[in-house]
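Shared chain: chain A. Partners: chain B in the first complex, chain C in the second.
Our next item is the complex of A and B:
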């Protein structure tokens, strides 16, 4: 006896996998500009062997210009052939470039996707929380100051055994339930990740191209 | 009439009173006076966390400490210890042959931030506990509202009881959360008392919600020809330990009136059991009884869907599965027989945040 698919805002592992592959396919089909790389599926490894059924989705190498370069840019001399000042701007800009990796991992506890992310300086050093705060949208920064322990925390990445920043998933099923309310059963699970990304991406300043939400 | 899986106060007292004898050595680089100070001997509560011992350890080594303040961390044979894993679990996992006392090194400098999550003392431990408790509540009831709605006074009192290892105080507050024990009829007590708050739709009697048990598994590999646990090669990096945070689901439709520990592990760690014929036969069962899989049928024909359920393992994967073998299962320092009822283990050997922490040794 098959029960009806009650929309409680959660996903099974199979639904997560299907939604992840739908995201990967649709994203690669969009003519995203060169600034954004592709999402790709990463099978998780157990005892060195890639798993057939478990994995996560990765978007890596997302550039973001640090806030420090803004003031430098505003000081840029309008004379285009000013070589010295131009070099200074380039140098300053390079030093403030941050590189972000985003992973979407399935949580068996909460039955929802969870975002894990980390930032690197151009020299390869990991960004600290204070450095990442400078890249966050202002509303997220405010929320982080209010809910230090339960909004963005540094937790162990389930597949990599290393600390990564993560958005706490305990409220996800509640707001996903609202978001998906009007979709049919099939659309609901396939479009879950795209809808989820529209909220989570905003929280961490990851811009999502609008074409992801168009039927094409 | 008490059932086999029922909660036992005696068991809880033994778990809460469990402790690991520790001998803490100050790291050479942190010694600033000669002769070096003697190691510090203490008991680490099994259900406790290392950062909670820092204040007494600091007091012992105070005359030898370098100036300045940095995050304190612990290490065993070169492996930084994850402070968010309970002391008893770390001991069961890392000391194949229990070492008494357990010789650890304490560092007051050089926190390995690329390996360990940041730790701001007791606050970090408290919130790690709170977040784990919320997670366990979500697993068991489908939402975390009972934990989120605790009064400030109750939250503080609960944390104090965990910090001090005070079982009586803990029981006073934790019963309000209605998170168990798991009954033989596969329903947590909260499910029978009140409907799930998260669900707006009426629950038909025919569709019984699965009982979900919070489980955290730590799988360690030991050499294949290991005869004596004392000969096990120490864990040198955390990548070689598989950490699996996955609840165990019990469904009434499965027709099992008795769930052994072995069956639970088969479900949670299928790659270590797939060489057994019985386990392979058990594979189709989840497909037959999982309502979550139904929407997939609209994409593929039912026969194709069921054919996909046991995926054809690659030759390499088959080889790994055949070679790996379960050697040992430890919970709260006890080597468990595989026939023990799983729900008894879950009810009586869990930690204060309601997770059952299971250490599994496999040979490969």
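Our next item is the complex of A and C:
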């Protein structure tokens, strides 16, 4: 299906939509171990009316904890000061909590998916690129530094018209061509996004469950 | 897991304590609020309905928050955004006009007023229809537009009664329920969360009476099922993650259950997730009692409330630290431009809405980059014009540097068309400037070798611009551009200077055609006496003259050549010219707008729109004048336009070489012979037209 275009590493809009829906379904069907929420299909809105053909996939509300403090998994940090006690309520500190939103958007000029993302402090302030980099595991940073295709820029989100960070899509079709070559012919375009995400996710520290690549 | 080192909750039963909810006010929300204030709200500071987005806790160690995103500001009636992790919750935004107003808000009173709304919704039964009303929130803010900051506070009103809520038990749901029941509940919750209808309802009840399956029901279904026994759980999306405290929403939920459904003791379910799955280990089941309070059902009763975010125990309300959104980082690329447009947007608050879209999309062609050209280009940018084409054939000389406000001494010897570009860009980085060095082809003046090319170039430039400003230093050099504008029905603005008098005008519309048959080519040449709207055309710069353009410079003495003019006059005339243009742009009829006369016409929102403004600084006179197009005008009359349309540049070249041809063509020769002509409007200043020129 759509073999010719997928083989050169690109996708048509229809293939993107189909692949996106396949990703959403597959992701929600598997047990995601690191408390990642589900991907959601978001139709674009023109004058408030959802579009039937254009949209993007969103993974929102991904938490990253404690860039400043120690490791992510330790069970015993918050010091007593972190909790404020009142007569009727308590308040936990969220100072070290960052919130990330990821969107996969189709690029008409490159004919490939593009990752857009933003990071927020728990109070809502946007994170700068430097702050985001501090949240990334070391292998992601290495990838960002060494790989030619992974550089982060800040660009207008095509559907939200405000600046988001994005991984530049140049080169995507080249390495996707290599990646897809190894996959079987069967439903190659449907698996496109999962395969793509396995590479792109690494660059932004998104842990993709292995099960996503297992054929059920 | 509860952190080890913290204060342990007191033993049960104990007063109910909940985990506070926090707000996540996204920077893009602040940006959207800034624009809403600037572009829509203006000085209006009345409360507006907004939407917050609530979600159950999804992470083992982080409690969820109420998100305010740009979608939050879309009016609720038109806002269809919402999904499982974005349960829409109604809120109120009070955005004050100044920081003092913000500081003076009676936050205690406002909180109680919001709490009162919740109480009303409980009593009236609105909660059953829209459970998220129990989570109603309040935002107070001040948008500091100049400094790109938003100051705000958020409150989540929670009703307080004289009667106390007591927590009787609280345990992980997986410990309370049998494995079988837990499985069944989990399945039902999953269904509830995957249905578009129910997933946005943060409050529900769970019917556990049946042994086989657990059913989750909406609040509005309560009436039908009151007899189903005692095995009920009242569930809500719990934003908190802590095992020792339920989340904030429980308090209002218990108040609702007690006041509306008359329950003194409730079993509740704090629903929490891990990723997108129900997490019954983290979810809590507990029991709370709440003896019915008194006096609340009085219609004037204003309940007590708590809920200002960030309030610390022991702190007075007034010392509460303000939260702040810094918008500087939001759009650094656009920030400079927005700074430069601020004054225009603010004009819209109380004066008249400036059509910035139109202004920034209009390409303005400036013929002449001298004293007038410098002033007008600067003013146009201040008015929001962002596309300029500047044409000038001269070079900057030392004497220009003082008078022509954009140039500095290092520009001396540089063509004006080259020198002006960086100076415009320095002032307004967003401006798109095209500058072209060329002489305007002028009748009666020495002809350069490139004159035919120049004519063609000017044709193209006029055709591709939206308005043409005639700011050249001689009267006759304005002839060809005036003809081009009349031919293309293009807006044209003229500014000119005398020694102590000045003049600014907008040219009238070009001639319309007589609609006859369908042959466009034939129709083009059958010019009507009116414009395309069938109105009598206003005149152009040349309409009141009775001579053809000739060389007005060569045979004059130096003081006449330079047209010595009082300093300051150029600024005044340029101001009028730019202002006239923006008024014309705002007029619904545009180029066809009739000419207003001061004192006789009533003004529109942007003021009077005169045809001509003539002023003198010696007597401090300012006149608004109106003159119709002359049928023997050498630049815009039907005879000239028709000739240009049929012969094109041949005709233009003939005029340039032999200007008196125009006098024959338009009948001026005849007219002058008959000698009893009179001037149409400007009788008092009869003969000094040809002296209007700038330098």
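Couple of notes before you dig in:
Note that in this section the second predicted complex is superposed on the first by the 166 of 216 C-alpha atoms of A that agree within 3 Å, B and C clash if a C-alpha of one lies under 4 Å from a C-alpha of the other, contacts with A are read in each partner's own complex, and residues count from 1 in each chain.
Rule of thumb we're sticking to: contacts are C-beta pairs under 8 Å (C-beta built on N, C-alpha and C of every residue); 3 or more make two chains touch, one makes a residue touch a chain.
Note that the structure is predicted; figures quoted are calculated from it, not measured.
Looking at the shared chain after the overlay, A:60 reaches chain C, while chain B stays out of its contact range. In the superposition on chain A, A:99 contacts chain C only, with no contact to chain B. When the two structures are aligned on the shared chain, A:14 is found in touch with chain B, with no touch to chain C.
In the superposition on chain A, A:37 makes contact with chain C only, not with chain B. Look at A:108: by the touch rule set out above, it reaches chain B but stays clear of chain C.
Of the two partner chains placed around the shared chain by superposition, chain B is the only one that A:189 touches, whereas chain C remains out of contact. Once the two complexes are overlaid on the shared chain, A:163 sits against chain B and chain C alike. Contacts of A:125 after superposition on the shared chain: chain C is touched, whereas chain B is not. Where the contact sets of chain A with chain B and with chain C meet, they give residues 48, 126, 162-163. Interface residues of chain A, counted against chain B in their complex, comprise 1-3, 5-6, 8, 12, 14-15, 18, 46-49, 52-53, 108-110, 126, 129, 149-150, 153-156, 158, 161-163, 168, 170, 173-174, 185-186, 188-189. Against chain A, the residues of chain B that register as touching in their complex are 82, 84, 113-118, 123, 127, 130-131, 134-135, 138-139, 142, 144, 198-199, 201, 206-207, 214, 221, 238-239, 241-243, 245-247, 271, 290-296, 298-299, 311, 313-314, 316-317, 320, 324, 364.
By the touch criterion given at the top, residues 1, 3-7, 15-20, 22-29, 31, 55, 58-65, 67-68, 70, 74, 78, 80, 83-85, 158, 160, 241-242, 245, 248, 251, 274-277, 306, 311-313, 323, 325-326, 329-331, 333 of chain C touch chain A in their complex.
Interface residues of chain A, counted against chain C in their complex, comprise 28, 31-32, 34-38, 40, 48, 50, 60-61, 63, 65, 75-80, 82-92, 94, 97, 99, 120, 122-126, 128, 160, 162-163.
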